[in-house]
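Notes follow once the structure below has been shown.
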Amino acid sequence: MSETILQLKNLSRHFGGVAAVEGVDVEFPKGAIVGLIGPNGAGKTTLLQLISGVQMPNAGNIVFKGEDITRKRAHERARLGIGRAFQVVQPLTGMNVIENVTVAALFGRNGATRGVRQAREFSLDILNRVGLLAKRDNYMSALTLADTKRLELARALATEPELLLLDEVMAGLNQSEVAMQMDFLRAINASGLTMIVVEHVMKAIMSISDIILVLHHGRKIEFAPPNEVARNPEVVRAYLGARYAEPA
Amino acid sequence: MLQTLVNGILLGGLYACIGIAFSLLYGVMNLLNLAHGSLIMIGGYISFFCFQKLGVDPFLSLPISMISMFIIGYLVQKIIINRVVDANIFMVMILTFGIDLILVNVALLLWSADYRTLNAPYASQNIQLGPVVVPLLRLAVFGAALLLTAALALFMRFTATGQAIQATALDRYAARLIGIDVMQIYAVTFGISSALAGAAGCLLAMVMPIYPELGGPLTLKAFIVAVLGGLGGLYGALIGGIVLGVVELVGAYIIGPSYQVGIGVAMLLAVLVFRPQGILGKRFFSEVTISD
Amino acid sequence: MTDRLSADASGPISASADAGRSKLILALLLACSLLVLLVVPQYLNSYWLRVLTQVLMVAVLASSWNVIAGICGYFSFGNVVFFGIGAYTTAVLMSQFDVSFLVTIPLGGIVAAVFAVLIGLPLLRLRGHYFAIATLGINLGAREAVTNLDWTGGGKGIWLQIPDMEPHAFSLYVFYMMGAMLAVTVAGVILLLRSRAGYAMRAIRGNETSAAVLGIDTTFYKVLAFAISALFSGMAGSIYIFWMGYIEPGQAFDMALNIQFVMAGLMGGLGTVVGPLLGAAVLQIFSELIWSHFLQIHLGVLGLLIILVVLFMPNGLISLMPWRRK
């Protein structure tokens, strides 16, 4: 097994009386595509919030590249190399596409080394890779849903992350768009980027992931390659209910 | 000292009256009504003229004030504010400020800048409760304030409209889905808030002189009361009002009368920094502070 | 999926040529007005000179407010407090320590900026309405504090020594100072918008959570924006009190002035360089017209104007300009 890039130790997060994430203990291998699945309310988004630093855990630790980042704020984690594409797209309103990506290029992992002009050029390159170059001067209202998802991805990439968190980047896309997105994700993974992908499009995630983390009621119930996960009765039960679980 | 405490509580009742309507508007429509003070002012003038020209006892002119103000408020919301409910919250706030300016100007033109005092016949009667002197009028005002709060609470819980308002406050999109005409509810809510402002104005006119520019300081008081108790909460405003009244007078007694306004401001800032949700409020995660 | 640059040559490139032409026209207009502003005042009487100086001052205040409100997205409703602090700094330094006026200008700005950092750290954690109310509270608090202190002259204020200058020359001097202040402020805003800090602030306005996740230290940049707006407002305050020769709490922390520059900013259009300038000019013209002809209803007309702007022109006059199509 390759080295560990991210380690979650006994991670918990409560909201009032509800445990959104409870005692999660995982080691994510570097360079892998990790699928994160689980029924609605399982705690997937909360887990991403905890890793990216938007929320702080109530208990447990997060170790990234050997460094304990549990108390570090979101922007510090971004500079260390954790990038994030949100589920509900959060573009920077009032700024056009190229400006959105330029911001990321200015403040991401290597941002401090760039001036504004260099950041812009870097952003043009990224926009080209995701296919948004022609729309670089457009504002948010002029973009389709697929475009905004690409923008979200472009911004995350412009921060030059070593670990990329993707929250349902394929939601709302049609079949051909999903296929293109998957090809794209494989391509960027090939360049060494570790990815944690939250997705409900089961076929997509099963085919793209090296290893899958299954959450249910905030707890980890499985962390194994896709074919093992598909056969795990507990996973089936979590998704479909006890009736459909088959004996191992 | 005890006297000061009692005075503070009585003053607090009045403050609570001012704050409740303000809080209501924020809770339902996320609107900070900068014209609130001026609405109170107009309610006060209505009472004043009812008393002076028609000889109506101020407490009896309360419903007159309330009804007139309800109509005004309803129309204002329907015609003006409803057009921009989806806009930036500051734009709406500034809109109410524009309305405030117009109200003040109208008052100045109609009634001049003179101070008007409403001298009810029972104005100077007092009751002696042990060591404390309680002005009858102030006690009555306090009682009225409590009554109004109770009436509003009952209205919200037990009438169809009240429940529709609560539903809209919780989630206006969901409310729309179950068939509530949100725009109409907004108009009604603003009307109710204005009616309460009118009532507050009526009560206010009994204990202090009124003049067109009265609105400004009143709106500020309403802010402080509502924030203290928890913006958007009904009972919070009641508690906030009493707390403010007591702290202001006790503080002024200890430090000095010129600090009365300053104390209110200091409390506002302290609450905003240390406990923005107020005494009773619940934490709205993304609304109040940034969870970093 | 990967479209190349050559695929769409007509779209973005010709659009930017159009914008380029409009910007050239704007630059020429600005140059002309600059020339006019430099030469004409010599021949104006003191009334108009005063009006123009007022316009310049409101423009400075609107532009500084624009930095925290328009660019960074935090609507401060009490920015006049920085103006007041700058004014009082100059007043105290000049009257009690005999510091020369020109030296007190940057000091006024710096004191205001330091104050901004101190109150910004707790207050900028608040969002939306709460931040607005809090800044309102700060302004009132400052006024109360200054009124109750002795060394600030208390409620009676501070009088400055009358400068040794012929009245018309004095008015001209103040006018040019205010003009220079405006130039400095505008230059500052332009530089800011082009810098990394500018991008950070605009990102914070766009979506604060996203901005954080993209690596922006939001606290730092918010406080910076607040401090920059305080710096320019404070310096304007310093010049103001030198102009008036007298300061008292109600005048320094004047909510009416606050409303003026907020209105100017909104009317002109926030987030842009030209917007606040345009707004200040238009607002002053309106005010002059109304004040001289309709004194009785000037409040009401201002209120009506506010309502109309919010209902029909929420992005300000600048959004009506041809090259600003979003």
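We just call them A, B and C in the order they show up, numbering each chain from 1.
What we mean here is this: a contact is a pair of C-beta atoms (placed from the backbone, for glycine too) under 8 Å apart; a residue touches a chain by one contact, two chains touch by 3 or more.
Since we're looking at a predicted model, the values are computed, not measured.
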Message = Measuring from CA centroids, which chain ends up nearest the centre of the complete protein set?
response = C
Key: Relative to chain B, chain with the most remote C-alpha centre   = A
Ask   = Can you give the whole-Å distance between the Cα centres of chain B and chain C?
value = 33
Key: Where chain A and chain B are represented by their mean Cα positions, the distance between them in whole Å   = 48
Between chain C and chain A, distance of the C-alpha-averaged centres to the nearest whole Å = 41
Message = Using the touch definition from the top, which residues of chain C touch two or more other chains?
response = 209, 212, 218
Remark   = Note: chain A residues in touch with at least two other chains are 54, 73-74
Multi-chain contact residues (two or more partners), chain B = 292
Message = Which residues of chain A touch chain C once you look at their complex with the stated criterion?
response = 52-54, 73-76, 78-79, 83-84, 86, 90-95, 99-100, 102-104, 106-109, 111, 115-116, 128-129, 131, 133-134, 136-137, 139, 141, 155, 159, 180, 184
Task = Would you tell me which residues of chain C are touching chain A in their complex?
result = 1-5, 7-8, 11-12, 15-16, 194-196, 199-200, 202-203, 205-207, 209-218, 271, 326
Message = Can you tell me which positions in chain B touch chain C when the two form their complex?
response = 26, 30, 32, 80, 83-84, 87-95, 97-102, 104-106, 108-109, 216, 220, 223, 227, 231, 258-259, 261-262, 265-266, 268-269, 272-273, 276, 286-290, 292
Query = Can you list the chain C residues touching chain B in their complex?
reply = 75, 122-123, 125-130, 132-134, 136-138, 140-141, 144-145, 147-148, 208-209, 212, 218-219, 255, 259, 262, 266, 296-300, 302-307, 310-311, 314
